[in-house]
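I've put the structures underneath this note.
In the two complexes below, subunit A is the common chain; its partner is subunit B in one and subunit C in the other.
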Partner chain A sequence: MSDPTGSGTIVHPDGEPSETAAKGRRMTASPGSTRPGTEKRQKPGRRGAADTSTVLAVPKGRTGAARILLGRDAVMIYVLLVVVLYACIVIPRFASPVTVGFLLLDVIPTLLIALPMTLVIISGEIDLSVASIAGLTSALMGVLWQGGMPIALVLVICVLAGLVAGAFNGVLIAYLGLPSLAVTIGTLALFRGLALVVIGDNAVANFPPGLTAFFTSKIGGTGIPTVMVGVVVLIVAFAIVLHFTPFGRGLFALGYSKEAATFVGIDVARSKFLLYLATGTVSALAGIYWTLRYSSARSDNASGLELAVIAAVLLGGVSIFGGKGSIPGVLAGVLLIGTINYALKLDRVSEVVLIIVTGSLLIISVVAPNVAAAIKQARHSRRVRSAPLP
Partner chain B sequence: MSLDSKSAAPAHPAPGHQRRSALGSVLKLRELPVILALVILVTVTAALNPLFLSEQGIKDLLLNATILMILAVGQTLVIITRNIDLSVGSILGLVAFGTGSVFVAAPNLPIIAVFGIGILFGAVLGAVNGLLITVAKVPALVITLGTLYIFRGINNAWAGGTQYFAGDRPEAFGNLSVDTILGFPVITLIAVVVVAIVAVYMLGTRPGRDLYAIGSDPEAARLFGIPVTRRVLMAFVVNGALAGLAGVLYASRFNSVGATTGSGLELDVVAAAVVGGVAIFGGSGTVVGAAIGALLLTTITSALTALRVDKFWQQAIVGILILAAVVIDRIAGVRAARKLRIAEARNV
Partner chain C sequence: MTHLDGRESGATDPNAPVRRSVLTLRGALKTFGPVVALADGTIDLVAGEIHALVGENGAGKSTLVKILAGVHQPDAGEFSVDGQAVSFRNVADSKAAGISVIYQEPTLFPDLTVAENIFIGRQPKGRFGLISRAEMRRRAKDLFDQLGVPIDPDRVAEGLSIADQQIIEIAKAISLDARVLVMDEPTAALSGVEVERLFAVARRLRDAGSGILFISHRFDEVFGLCDRITVMRDGTYIATHETPAMTVEAIVREMVGRDIDALFPKSETERGDVVLRVSGLTRPGVFHDIDFEVRAGEIVALSGLVGAGRTEVARAVFGIDRYESGTVEMLGQKLRSKDPRASIDAGIGFVPEDRRKQGLVMELSVERNAALTLRHSLAKFGLISTRAEREAAETWGKRLQVKSSSPEHPVSTLSGGNQQKVVLAKWLATDPKLLIIDEPTRGIDVGTKSEVHRLISELAGRGIAILMISSELPEVLGMADRVLVMREGRITGRLDRSEATAETVMHAATAALESSR
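Moving on, here comes the complex of A and B:
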C-alpha cells in the first residue's frame, strides 16, 4: 500500500497531526496486498478517516488559524454572541447593566464549579458530589457563625472543610481505584446528609450585612459584580493550569488512556487526587458564595446543582469520555445557558420551559456533531468507493 | 494439557469438595453483603423495638420499598449493559401525573387499562432515550441527563400548578396500596412478580444473557454476533416501561401527584442498584440484588425512626452504605483477579 502523494502530512479528523498513527498504519499494512486496504475503506471505524486519507491523499482537518476559528470552542462562542445580540435587539430591557449584574450573579456558582469539573471530566472521571460539598460548607458556615466564631475564621474553616471533603473523594478514587461515578453518588448522599446533621432544618440568616452587601455589590455603573474579579482570577488560573502546564496536558493524556499516561511518566493517582482536592475547595467557595449572596445558610443550598454544572460543561464541548475539552468552551457553555435562561425569563417565558431548553441544548450539542460526522463519513465512503484504486 | 485436567475435574468430583463449593458459591454471592446488612438491620431494630416487626410495621416497610424496587430492577437492566438512565425520576413523574389526568378525563376507564396506558407511556419515553443513545451513539449519561430536564420540563409545562389528589381517583385504585393478600400489600406483590419475571429473564434467556455480555465487553459482544443496538434499545424500553409502572403505582400509593413528583429519585435508584451489588460499569449484578438494595435503603429510614435516631442522620448513612458497597465490590474484584492469576500460573 503506497502513499500516492509521498508526503507525510496526515491529519486527524480532530485537526491534530498524527505522525504516529500514519507510521503505525504503514507498518501494519502488508505491502502489495490491497485487500486489507479495501476492507478498511468500506468499513471505516471512528478513527478510520485518517487511514483512508493516506490512500486518497485527502488531508482532513484544519490547521493554523482555521483550526482555532472553526473549532468546537469557537462555534460555542459564536452561538453565545449570536444569542446575546439577538436578545439585545429583540428583548426590551435586556441590554442594560442590570442584566449583566443579575445574569452574572446567577451563573457564578455554576461557573465556579464548572472549572474544576472540566478538568475532572477531561481526565476521564466525574464528580457528582460538588453540590453536596457546597451545601455542607453552607451548613457549617451557618452553625459556626451562629456559635459566635469570627467570620474570617468561619470562612477559613469552610474552605478547609471543602478541601477535606475533596480529599476524601480523592483518596477513594485515586488511591483505592474505585469508580468515580459510584463513589461520588455515595458522597453526594453522605455530604448532604452531614449538612443535615450539622444544621438540621434550621436556617441561619444574620450574616454581617457588610459582607452580604459586598457579595451583591457591583463595580461602578458597569453592573459587573465585585465578586467577579475573584472568579476571573480563578478562571485564568484554571485555564493556565489546563492549557499551559505539563500537569494540564497530562490530564488530556489521562483521559485518552490511563495506561499510556502511566507509561509516559504521568503520576495518575496524584493527578486525580489533586483534581478532587480542587473540586472540593472550589465547591466550598461556591457554597460560601451561595450562602452570602442569598444570605441564608441551609442544608439544602445548591442541591441539584451538580447536574446543571455537568450539563453546562458537556455543552461547552468537553467529552464525557475524557481527553477533550477546553476552558474557553466551557465558559461559553455556562454563559450560554445563563443567558438563554435570563433572556427567556425577561421575555416572560415561564420558568418551567427553561429546563426543557437546557436539556435540549445538551442533547443537540452531543448529537449534532455525531450526525454531522456520520453524514460526512457516508459521503466520504461513497466517494472512496467510486474512485479508482491507485 | 490444561484442557484435559479441566474436563476431568468435574467428572470425578470428591463429594466433600462439591459441598464446599456449594457453600463457597453462597459465600461468593454478590448479593450476600446486602442480604446480611438487611438481616442485621432488621434483627437489631426488632430486638430494640418490637413494634418494628408488627404486622403494620412490615406492611409499611414493604409499601415504602415497592416503587424504588421496581425502578431499581429497570435501572439494573440498563446498568448491566454499561449504560445508565438518569431520567427515571422524570419518567415516573410524567406517568404519575398522566395517570392522575387520565382518571380525571375518563373516570370510568377500567384500572387495568390505566396500567396499560401508563406502562406504554413509560416505554415510549424509554424508547426516546434508547433511540437517541443507540442511533446517535452518544453516551447514555449525557442523553439521559438531557431527557431528565426535558421530561421534567414537559411535566412542569403540562401540570403547571395543578395537582391531582387521591379523591380524584377511583377508590379501587387507591385500595391497591391498602389491601393485602396474605399480609402483603397488593402493589408490593406486583413488584415481587416484576422482580421474579425479570430475574428469570436475565438468568435463563438468551437476550437476558446477552445484556451481561454487552456490559462486559461491547466490542466482543458485537463480534460474537449479539445484536448490541437492539438489546440496548430493549433495555431502555423495558426500563421506561417499568418506570411507567412505578409511576402508576406512585399515583395509587401517594395522595398527590404534580409537577415535581419523583424529582431527585434517579440517584436513589442508582444507589439502590449499586448497594445491591450491581457493578456500575456493567456486566455483573442481578435484579434480585438491586431489589434487596432498594428494600435496604428504604428500611433504613424506618429503622432509624424506630430506633429514635435523629432523622437527619439517615441520608449520611445511605451515603456510607453506598461507599461500603463500592469498596466490597472492589475487594471482591481484586480477590477474583488474584485467584485467576494463581489458577493460570498453575495451568502453565
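Moving on, here comes the complex of A and C:
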C-alpha cells in the first residue's frame, strides 16, 4: 500500500458503502459495465482511478411514474389500498357511494391543509397555527355575513385574512429567523383568540341555502362531493409545484441543508415566506369550507385540526426533519386515516378507539422506517466485516 | 500527572539513555468504504519527548489521531500502550489507557465553570456524597499552578479564548493522569503569545515525562518545539527523524514525495480579458480594501494563513455574505451585494470549502445534486423533469469521471474525491465564466487530487477565469499564475508565478516576517 502514485488507495468497487452494495457489486462485475469507451477518453498519463469502477449513470435509474410507484413513498398508497379492500369486504355498507361522499366531505379540510403543510415540513419547518387560521376565517365570515356584506366579498376578505395571517407567520419565521415551532405555537393561540374576539360565543348559521347546499352536493350518482373538483385542482397544483418545478427542487434541498441551498442560489427566506403565505391562504379556504359544510360559523371551528393534519402528513411519509416526502404519499396518508376512521365508525367502534388507532398508526409509521434502516445497516456492516480487506 | 521512575527527561539530548515507548502503533490500516484513509499508520512515541507528526492534508494524520483517540477502530495493525497491546472500542477506552487528545477547537460546556469542566463526570465528593466545590476549586488551581497558567477556576467557560480552552483541556488531561497527550493542530487559531504559552506548557509536561504528539502544518513550530519528526504521505508512514538532523527542505521533500512540477500539471495559457474585477471591497473587521482582478484563462490563488479572510472575500464576491463598501464587477457588470442567484446568472460558480455542509446536500441523490444549479435552465415552461436532470447529471458525471453505483443514491455514499467532482460538475454545467474554488482538494485521496488539479488547469485552458483559495502551499505554487496573499483581512502580497516561492508567500502571509523586513 505504499505505492507512491497512490493508485492503490482509491477505488474498490466491492467496498461501495451504499445500501445496495450487493447490487453495485453485481453491476460492476458485469462485462458490459467496464465501458472501454470511457477509458479511451482518459489521457495517457492519467492514473487509473476509474479503471476498476463504474462511471456515473451506468445503470439507468427510474424516472416518472415508476419512481413514485416503486419508491419509499408508495408504501402508504399500498397500505391504503389494502385497508380499503379489507373494509369493502368485511364491513357491511362500506362499499357504497354514500361512503365515498361522507368520507370525502369529512376529509377535505385535512386534505386541503395537508398540501401546503407537506411543503412546509419538507422545507424543515412547521406550522401549528393552521387550524386557528381556519377558525379565525370562519369567525370573520360569520360576522361579515351577519353584518350584511355580499357573500362574494365576504369570501374574498376571508381568503385575504388567511393570506395576512400566513404573512405574519412568514415574516417572523423567514425574515426574522425565529423558530417556526415557537412562532406558530404563539399564533395558534393568537389567531384562535382573535376569532373569539371577532365573533365571541355566538354562532352564525344563516348562510345562503344555495351555497351551503352546493358545498354538500355530489356529482351525479357517484357520491363524490362537487367541491372535490376544486380540491383536486389544488392537489395537482401542489404536486406540480413540489415535484416538477425548480422551486420544489429548492424546497427539498433546503429541507436537508439550508446552507448548501444558499450556495446554489436558493433564496431560503423568500421560499419559506411563500410557503407560509400558502398555508395561511389554504387554511382560510379550509375555514370557509368548514363553515359552509356545517353551515355554522363559530370561533372554535376546526380546533385541533392542526394535529390531525400533521399526523396525516407524517403518516404519508414526510420526514419531520425535512427533505423527504411527496404529495401522493400524503394523499394516501390523509385518506388512510379518513378511511380507517370512517370504517370503524360504521362498525360502531367508539371514538376513543379511533383516536388510539390513529395515534398508534402514526407512531408505527415513524418508527417503521427507522427499524428497517437499522436492520439494513446491521446486515450491511456484517457483510462489510466479513468481506476481505482490499 | 505522570511520574516516571526517577528518569530524567533527556529527549532533547541525542545521547539520551533509555527510551521507554509509551505508545506504539504499527501498520495501522483504516478504510472507509472504497477509500483507504490510512494504509500504514506507524508512530512510536517515547516518554519525555515532543514528537511531531507532519504530512500534507489527506496524508492520514487525522485518521491516525482518531485511532489513538478511540474514535476509529483500525482494520489491521499493532497498537500498544506502555508495551501492552491494546484495542480501543471507544473514546472511553483510550482515555482509560491514558491518552488525551486536544483538538483545534475544544468543546467545553459554556455554562459550567472552568473547574466544573475539568472534573465533569468525576466531581470530587464531600460529605453526604455531595459535590465538594472547594475541593474541586483547589484541585483545579493546583493544575493551573502546575501548568504555570493563571486561569480563574470559578469563571464560566463561555467567553474564554480558544487558547485558554485548550489549556483547560490539557489540565483535564493531566488530572486524568494522561501519559500521552495528542495535540491536533492546536496552534491554528492561536496568536503568537498564546502559541508561546502553549509551548511552555508542552515543554513542562515533556520534562515531567509525558509523551506529546504534536500535529502541525507550521514548520517553525515543528522545528522549534519538537524532538523528533515523523512524516506521513498518502496514508503511509515514511520516516522518523531526530529534529536537529533535519531541514525544512528535506521534510517537505518527504511529505510531497515527488517533484511539485510533475504533481501539478500547469499548462501555459493565454490570458484574456478581465472577467472579475473587485475594487475596494470592505467589510469592517473582516476584510479591507480588497482590490484584484481575474482574467479569462488565468488561475489566481488567494493564499494566506487560515483566518486571514480569504474565504470571507470569496463568499462576499459570490454574494453569500454582505459587504459594506466596494464593488464586484463581472464582465463589466456590477453585481449586487448578497444575491448568489444574480452571481450565478452573471456566470460565477462557487465550489465552497466545506463540501459536506455547503457544497452538497448530502442526503439528496447524485443526480439531484448535480442538477441543482441547473434547476432553472433545465425547466421547460417552468416544469422540470427527472429525465432532464438525469441527462445533465450523466453528461457531466461522465466528463468528470464521477464514480457512483447509481445516480439515485445519496451523494453521501460517494468517496470524498467523487463528491468534489460532483460539486465541480454542477458548476461546470452552468457554463461559468468564473469559477471560485475554495480548497479544491481538501480531504481528497491523492489520486483524485491530481485529477482535480488537471481538471482545473484544463478549465483555465478553455478560458475560464479561476480564483482558487488554498491552504496547501504546494498547490498554490504549482497551480497559480498569480498569487494574492492575505493577512489579517488585507492583501499583503501580489506575486507573479515567477516570483512566488514558499518563502515569498509565507513572508507576505505572516506578520512576524513582515515586520522584520
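Quick notes
The definition used in the following text is that the second predicted complex is superposed on the first by the 320 of 390 C-alpha atoms of A that agree within 3 Å, B and C clash if a C-alpha of one lies under 4 Å from a C-alpha of the other, contacts with A are read in each partner's own complex, and residues count from 1 in each chain.
We adopt the following convention: contacts are C-beta pairs under 8 Å (C-beta built on N, C-alpha and C of every residue); 3 or more make two chains touch, one makes a residue touch a chain.
Computed from a predicted model, the values in this text were never measured in an experiment.
Legend: residue contacts after superposition of the two complexes on their common chain; A:360 is shown touching subunit B, with no touch to subunit C. The partner that reaches more residues of subunit A, of the two candidates subunit B and subunit C, is C. In the superposed model, A:261 lies in contact with subunit C only, and not with subunit B.
Of the two partner chains, subunit B is the only one touched by A:320; subunit C is not. Across the two superposed structures, the residue set of subunit A contacted by subunit B and also by subunit C is empty. In the complex of the two chains, the subunit B residues touching subunit A come out as 84, 86, 132, 136-139, 141-143, 145-150, 152-154, 156-157, 160, 259, 264, 267, 270-271, 274, 280-281, 310, 312-323, 325-327, 330. Within the complex, the subunit C residues that touch subunit A are 29, 31-36, 39-40, 75-76, 233-236, 257-258, 320, 340-341, 343-344, 350, 352, 357-364, 366-368, 371-373, 375-376, 378-379, 382-387, 390, 393-394, 397-398, 401-409, 413, 415, 417, 426, 445-448, 450-451, 454. Partner subunit B is touched in their complex by these residues of subunit A: 126, 128, 172, 176-179, 181-183, 185-194, 196-197, 200, 303-304, 307, 310-311, 314, 320-321, 350, 352-360, 362-363, 366-367, 370-371. Those residues of subunit A lying in contact with subunit C across their complex are 1-2, 4-13, 15-20, 23-24, 27-28, 38, 42-43, 46-47, 49-50, 53-57, 59, 61-64, 67, 240, 244-246, 249-250, 252-253, 256-257, 259-267, 323-324, 389-390.
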